[in-house]
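I have a structure I would like to understand better, so I am pasting it below and will then ask my questions one at a time.
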Amino acid sequence: MAEVLSARGNANGVATSQGLPNIPWQDRPAGSKAVVWRHRENPVIPRAPQPGVQGVYNSAVTPFGDGFAGVFRLEKTDRFPRLHVGWSEDGLDWQLEPEPVVFSNWKDDPSHYAYDPRVTAIDGEYIVQWCGGHNGPTISLARTKDFRTFERLENAFLPFNRNGVLFPRKINGAYYMFSRPSDNGHTPFGDIYLSESPNLIHWGRHRLVMRKGGDHVGQWWQRTKIGAGPVPIETPEGWLMIYHGVIDTCNGFVYSMGAALLDLDEPWRVLYRTNQHVLTPEADYEVSGHVPNVVFPVTALCDQPTGRLAIYYGAADTCTALAYANLSELVEFTKANSAVF
Amino acid sequence: MAEVLSARGNANGVATSQGLPNIPWQDRPAGSKAVVWRHRENPVIPRAPQPGVQGVYNSAVTPFGDGFAGVFRLEKTDRFPRLHVGWSEDGLDWQLEPEPVVFSNWKDDPSHYAYDPRVTAIDGEYIVQWCGGHNGPTISLARTKDFRTFERLENAFLPFNRNGVLFPRKINGAYYMFSRPSDNGHTPFGDIYLSESPNLIHWGRHRLVMRKGGDHVGQWWQRTKIGAGPVPIETPEGWLMIYHGVIDTCNGFVYSMGAALLDLDEPWRVLYRTNQHVLTPEADYEVSGHVPNVVFPVTALCDQPTGRLAIYYGAADTCTALAYANLSELVEFTKANSAVF
Amino acid sequence: MAEVLSARGNANGVATSQGLPNIPWQDRPAGSKAVVWRHRENPVIPRAPQPGVQGVYNSAVTPFGDGFAGVFRLEKTDRFPRLHVGWSEDGLDWQLEPEPVVFSNWKDDPSHYAYDPRVTAIDGEYIVQWCGGHNGPTISLARTKDFRTFERLENAFLPFNRNGVLFPRKINGAYYMFSRPSDNGHTPFGDIYLSESPNLIHWGRHRLVMRKGGDHVGQWWQRTKIGAGPVPIETPEGWLMIYHGVIDTCNGFVYSMGAALLDLDEPWRVLYRTNQHVLTPEADYEVSGHVPNVVFPVTALCDQPTGRLAIYYGAADTCTALAYANLSELVEFTKANSAVF
Amino acid sequence: MAEVLSARGNANGVATSQGLPNIPWQDRPAGSKAVVWRHRENPVIPRAPQPGVQGVYNSAVTPFGDGFAGVFRLEKTDRFPRLHVGWSEDGLDWQLEPEPVVFSNWKDDPSHYAYDPRVTAIDGEYIVQWCGGHNGPTISLARTKDFRTFERLENAFLPFNRNGVLFPRKINGAYYMFSRPSDNGHTPFGDIYLSESPNLIHWGRHRLVMRKGGDHVGQWWQRTKIGAGPVPIETPEGWLMIYHGVIDTCNGFVYSMGAALLDLDEPWRVLYRTNQHVLTPEADYEVSGHVPNVVFPVTALCDQPTGRLAIYYGAADTCTALAYANLSELVEFTKANSAVF
Amino acid sequence: MAEVLSARGNANGVATSQGLPNIPWQDRPAGSKAVVWRHRENPVIPRAPQPGVQGVYNSAVTPFGDGFAGVFRLEKTDRFPRLHVGWSEDGLDWQLEPEPVVFSNWKDDPSHYAYDPRVTAIDGEYIVQWCGGHNGPTISLARTKDFRTFERLENAFLPFNRNGVLFPRKINGAYYMFSRPSDNGHTPFGDIYLSESPNLIHWGRHRLVMRKGGDHVGQWWQRTKIGAGPVPIETPEGWLMIYHGVIDTCNGFVYSMGAALLDLDEPWRVLYRTNQHVLTPEADYEVSGHVPNVVFPVTALCDQPTGRLAIYYGAADTCTALAYANLSELVEFTKANSAVF
Amino acid sequence: MAEVLSARGNANGVATSQGLPNIPWQDRPAGSKAVVWRHRENPVIPRAPQPGVQGVYNSAVTPFGDGFAGVFRLEKTDRFPRLHVGWSEDGLDWQLEPEPVVFSNWKDDPSHYAYDPRVTAIDGEYIVQWCGGHNGPTISLARTKDFRTFERLENAFLPFNRNGVLFPRKINGAYYMFSRPSDNGHTPFGDIYLSESPNLIHWGRHRLVMRKGGDHVGQWWQRTKIGAGPVPIETPEGWLMIYHGVIDTCNGFVYSMGAALLDLDEPWRVLYRTNQHVLTPEADYEVSGHVPNVVFPVTALCDQPTGRLAIYYGAADTCTALAYANLSELVEFTKANSAVF
């Protein structure tokens, strides 16, 4: 058995030397050898959880106070995606704000969609990243300290972009963010890039981090496009990046979950990368829904002392589900089943 | 609570001052606040209801005699869509004619497909409208008095068109029909138009009634295309049009149900229009099937004295389902949750 | 030699028992056997004929007074197509109105494009038909008596449609118009239909007249789409319809000119149809231009006593050119080289 | 009742005058009139049957020794399709080799995908056919006698091709193989061809056997493309070819199963062809999965004395399922419900 | 007549209080009223100007020493676009370096294409901008002082981008650059954005400057996409931006030239914008060539004392052409014929 | 100067130890350094060379008797491509048969198109190869001895294929033929394959010979697709294959000419391949026409004693042109400017 691996003081970016003892958790089912396993009571936020709400998914969760806060992609029955704050004591039972996030310094344009948020705790505050609609999709940013007041920052990139994910600390004095340059439709291609910023406003030194797979590397589960998922987790073995990989079948895209380890100081260097998915749509709530066959990881909480990982993911663009892993096992698995290309 | 709203003497176009007491009906489930709710024993016509019949869906039902008659899209195992007559005493249990509709004045060409019928009772007879294949899809019409003998009329429009829906009475001496200009494939766009006719043969004074939604109006559930559904229902507040709205996801179209109120005398003027769907694919028989994620409303029966609405809709292009609403509630809901654009 | 064939009293729809002696004309070049030949000084309206005017093409010309009037597709340097009236004494030298046509009964929307006009003289007035932009292209109509005051009529059809061409007289009491149902882009398909109207407002009894060609009939010059051209000319042999046929090559569409004869009383019946083009892009001004390889016939003037035909056509969507033919020769050619399919 | 029809000594190509008494079998469910019916415990190989294996489907099974052997499309969690050998005593419970097939005479390129195998017993050995990746998909071949040592033969055809199926005996001294010329993507078209070979290396005398359906023949279930399925079965009535037909809906392809009878000596001549599918996605494991709505027949075992047919088919590109039929009934059904076009 | 308008001391970014007396120049042809007119001996660099060179076009020229230097898109007979330096005394006769630009700090990858350069003189050096191939096209940058030694800077943006154009001076302490977010093909859409940088490395505060035209504004010449052209020229009336606008016809794109005036301090604000093109393909070398119908402006030299403008543009992606204008006339024209949208 | 290189006794496949003294020829223009240069009186067969004939291009020419015979793609004014025989004494002035080729053993189907022929002299007869329409394009073959009687052979391949070119002698006892697997449209991809046959009926041992270029090899002129041109010419340095390479621009494909040397005994091995085109559209008749920008080489005649090469090529799919080269120079050029990938 792999021993418990100590993450360097971060639980989704929050320095928690004391760990995250209230992390949601269930042991691996008896008999299972899976490196990632599902929460038994999935989905944690079901389809149509409230009157007038069609779905809540692609959920960015972070420890906050004694419990958890989060920013959620919530779609009411207009199906227009907006960001809503949610609160939870245990990370499982969520109270969602009925009104979407507003920004103190920005006159809201109700026609600007916002989806697929991530939340990074850094420098004593929380930076929210999401895909915003500004003459095409691109990466929008905002800051908050309390999940009640939000301040809009500049969009990080020109259109067309999706899946922006900010690192939980500066590296050599600079901010780093993943993104996936896209087109203005349902993008049938895409690779993961890393960009650097001195100030969260200006971004440069763009680096191609990882390409999609394909025939030449025997990687069909990620042959169409890939995109960063949760805020990366710092480990002695490198930054653990959980990401999604997509295959196009004759009947649509299938989104699965994979993992990679990146160099701690030069995070554009891939050390290891799973040559297989670690979770793929198999449960009913993943296989069927408004967008069938989607497992889309967004958040990974970590309890250092135990190495417990709780991974929130959107299922079928319809509901929010939870999966578990052991940090050191996942790192070892990634190293042992790696193909870097 | 909204009070019962009196429809102006029509039950799917039949003047029924005495109401439609045998309308299918189930009360809203306890605890539900939905404005539209499903029949508990859905689907009313299941997948493969008879040997050799693959599916019956998109069903045009009308009161007839002491019970109900209807024209159904029925696909045998050649999957070629044809119109079949059906009979029912209670609107739930249907006897379907084994042979498709033939026309007394038209030599049937077995290669001409016919799908998505509507039936309008007007001027003492029934006008059937459907999407017929004549060098491309367009709106075909026929008349019947007894659902046994049918006479083909001229096609209303040039190709390419779908979702023709005739009003249940003349307005200022003219017939009116909705339609949705289309292309010759799976049409990724489409708005609802209204056309006028003095004689059910020649059509003109075409008016654009409603456009699809999109980012600019925060309406994603209907951002790709829209199409008229049941025969509109006359109310003091205007013509109630139940329609379908479509969003394209990366894994296909999702069809939901919405509603609008149109001016009684100038029915090309939209007074109110739901800024959200009122029913979207959530049940298994809607989410899974040969065309997943389809809720396609075709008929709305109305019992005036009670305001009960029974809405027949195709589910996943696989089976026929039923939903209920209260007319005055639905009208109030449409007025209270409206965005006209 | 074919003898002169007497057209039944119409010169582009004008009853002219006295003929059209001032029709533009040049004899067939010595040595040529072509059934249609070019005006030697083509183009008659060159590229950029005036400062601020980019091009004038697809021109609908008619005898008027002692000379000729016409409605032209004129594009200024915004390249937005609008209709402009033009005047000429000899049909060759044209004075174009600097401002586009306005309508007495219609508040002009400057964002509504208008292109590819035809003019039909009928019932003592002139009906202009064109492709107008109304939430997609469709056939617009207007009437004038003097080419100074124009009254907008209803659009004839729902979108999406192009190449509407009105017959020069009623047949059995009804108006008839060709059109080509299209899509909302550069339509890679299309056949010619005929529709009937009692009043120029309502249209019905739509009939498919002619399909495009293809491999199965050995007709590649018209394999992609076809569309009606000038107002049809009545002859004892039937209505002479000059039309365009299109082939798609790997480097774009090529538009050529063909001809057909339709039954006089049932003009949806094709009697003969050229199994080859009669004019195809070969001259520099046809082969090169903003839309290379376009010969697009719009008007055919006819002088009865001599059988002279003067055919105006757009060349490369850049300029206006002229070609000549002899009516009886063209009719004979169509009969002798026919494939109806 | 149709009487038992004697197949001419072949059980998936194995001359078995003694029959195949251990063929998997379940009688038709009471009350059912279906000509093809499902195994009650489907799928026989479920989704994710082993740790690290995502799915096993499109399975080529053959009698071997006292039991059965087979070549399977197996996808591990890299989702890259490879061929794996499997063993079974009863045709239901399968032991799959953990490593993919290697070839004694061919240095394996791990980037060459291999999927949708068929196995034909002929001339005392087994010829495996599959869709291999060689600068595009085409038909690869190999031979084995024991399913332990495999020798690669030449690819039969140039790219792009799929669904190669070899006949179980020579006809007039020549080998025959079906195939479906394709494109390099998810091919939205396709017909079945037959090619001849003197030596399994060089192929020629290509014949178009069957075209896809469409409007003109009222066959929508097979309107998009068709492809051969199991090795054809010789009967006195002709070669029984079970095949798949595909319809494209607005939400993807639907694959169903049909049957045809071909001339025994000139197998490019179609004698009968079902004018309807005999199995279409209706069970959960067919309707939902990574590629929803797929029934893809690959193998048909036959026990001569009883006429029992056991048809293995891939379901939803996710698992392996089994269906049954009676040979003489299926032949009679094909003759009685036939449309050849 | 408009009086000579004094540009604020820049000739393509070079502070030249003494003017640019050796600017290429020809007076407007007698009788012409064009605001932009062609060099009579166009093209200045013809098709295939040297053995082994297929074409030189899209040329970035700047005053240098007593004459001119430039960076050219040069394609040898491999047709692979690379940057070559050129020298000229008079701006008309060019000596081109036979080898492409290499970078002192960057190991050249011969597979990285480079095209459509611009050169901006700023802070005493020259910044070259071009479209480089780095897993898709994006904006690359380099610096030089002598056009002999070049240093690569970071790419400015993530893919996919084209038409990056750097301003000739800092504004309020920051660099500004136009660009046009694109896709990875022949991009059928595109608007002009402005981005800010403190250091030519990190870019942010992205602003949408100008959208493409379309029906709603009656601007077809620029309805498909637009892109910045030469380095903007500072005038008292604002920054003069010459740009290209594109229309898609059924036979391809047509590129024309337009102009806009932007606020001097907030250059993302459009003050005026020509509602028409000022140059469109009409000459043979613009209409015919490897990419027919392209006028693509890249450089605008300016002589302050006289207001003379010399505009270099690529013609038909085949050769380099030159056009002239008078600065104050062009500014006046832009103001007088403006539509901002 | 390169010395004259002796071809091994073949002039387009005809063993001509005595050479081909009447080969068309013009010396390289003074001052030119081109390795391939144009015939000064091009095109040798102009656009519309006879009444009723639209164009003759893509012409397969061979020495015959005292002069030359050939098979031509000829399109009459139906623009349907058919094969016509032509005769010439000098290879410049051609008499074309008015009727297309018929086959003694094959009932002609007038709907089967035939284009882009090649003629190979082998074993005392002439084998014609062309792209025929048989439910999609593929390679058809016929044999003749006198160009008056033709016998159809089997099609070589399944659809979809184009540009089949047969070698002029057997190699190690087998026939060899190039082809380019395609799709059923204007194929935006394509590589050259080689197939082997014992009997001109069955084909196998398919080998990928050459891939198209692209960014990774800096070869844009051939980045989209490539296809074999004339019958390869045997030289001591290998088989000289002249071929076409295609780039897709935003306004269409551009076809250029390149060359390669293949191993004499294993002709699927590429020894050298020009890293640039040797002829690209530059002349008016190449740049403008019904398919602009096409240089499509089809035949290369060779006179051994002098090394003179006369290359017939189609220009703009409109006319037939001729170019010249010196065999040893072209071989040397290919070796000296080679990139094999």
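Per-chain numbering from 1; labels A, B, C, D, E and F assigned in written order.
To be clear about the criterion, contacts are C-beta pairs under 8 Å (C-beta built on N, C-alpha and C of every residue); 3 or more make two chains touch, one makes a residue touch a chain.
For each chain, UniProt lists the protein as follows: A, B, C, D, E, F = Beta-1,4-mannooligosaccharide phosphorylase.
Everything numeric here is computed off the predicted structure, so don't read it as measured data.
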- [ ] Using the touch definition from the top, list the chains contacting both subunit A and subunit F.
- [x] D, E
TODO: Name, by label, each chain that touches both members of the pair subunit D and subunit E.
DONE: A, F
TODO: Would you mind reporting the rotation angle for the C-alpha fit of subunit A onto subunit D, rounded to the nearest 5 degrees?
DONE: 120
- [ ] Report back the single chain whose CA centre is most distant from the CA centre of subunit C.
- [x] A
TODO: Call it same or different for subunit A and subunit B: same when shared residue numbers make up over half of all numbers used at their interface.
DONE: different
TODO: If we define chain centres by averaging CA atoms, which chain lands farthest from subunit E? Would you check?
DONE: D
Open item on the list: Going by more than half of the contact pairs matching by residue number, which of B-C, A-B or D-F reproduces the interface of A-D?
Closed with: A-B
Task: Inter-centroid spacing, subunit F versus subunit E (mean Cα positions, whole Å) - done: 42
Open item on the list: Can you pull out the residues of subunit B that are in contact with at least two other chains?
Closed with: 251-252, 288, 292-293
Open item on the list: What's the contact topology between the chains, one of line, ring, star, complete, other?
Closed with: other
Open item on the list: Following the definition at the start, I'd like every touching pair of chains, please.
Closed with: A-B, A-D, A-E, B-C, B-D, C-E, C-F, D-F, E-F
TODO: Quick one: which bits of subunit D touch subunit A in the complex? Just the residue numbers, please.
DONE: 47-48, 51-52, 54, 75-81, 110-113, 133, 186, 251-253, 288-294, 317
Open item on the list: Per the contact definition, I'd like the list of subunit A residues that touch subunit E in the complex.
Closed with: 134-136, 138, 154-161, 179, 181, 183-184, 189, 191, 193, 195-199, 201-206, 208, 211
Task: Residues of subunit E that touch subunit C when the two form their complex - done: 33-34, 215-221, 247-252, 254, 256, 275-278, 280-282, 284, 287-288, 292-293
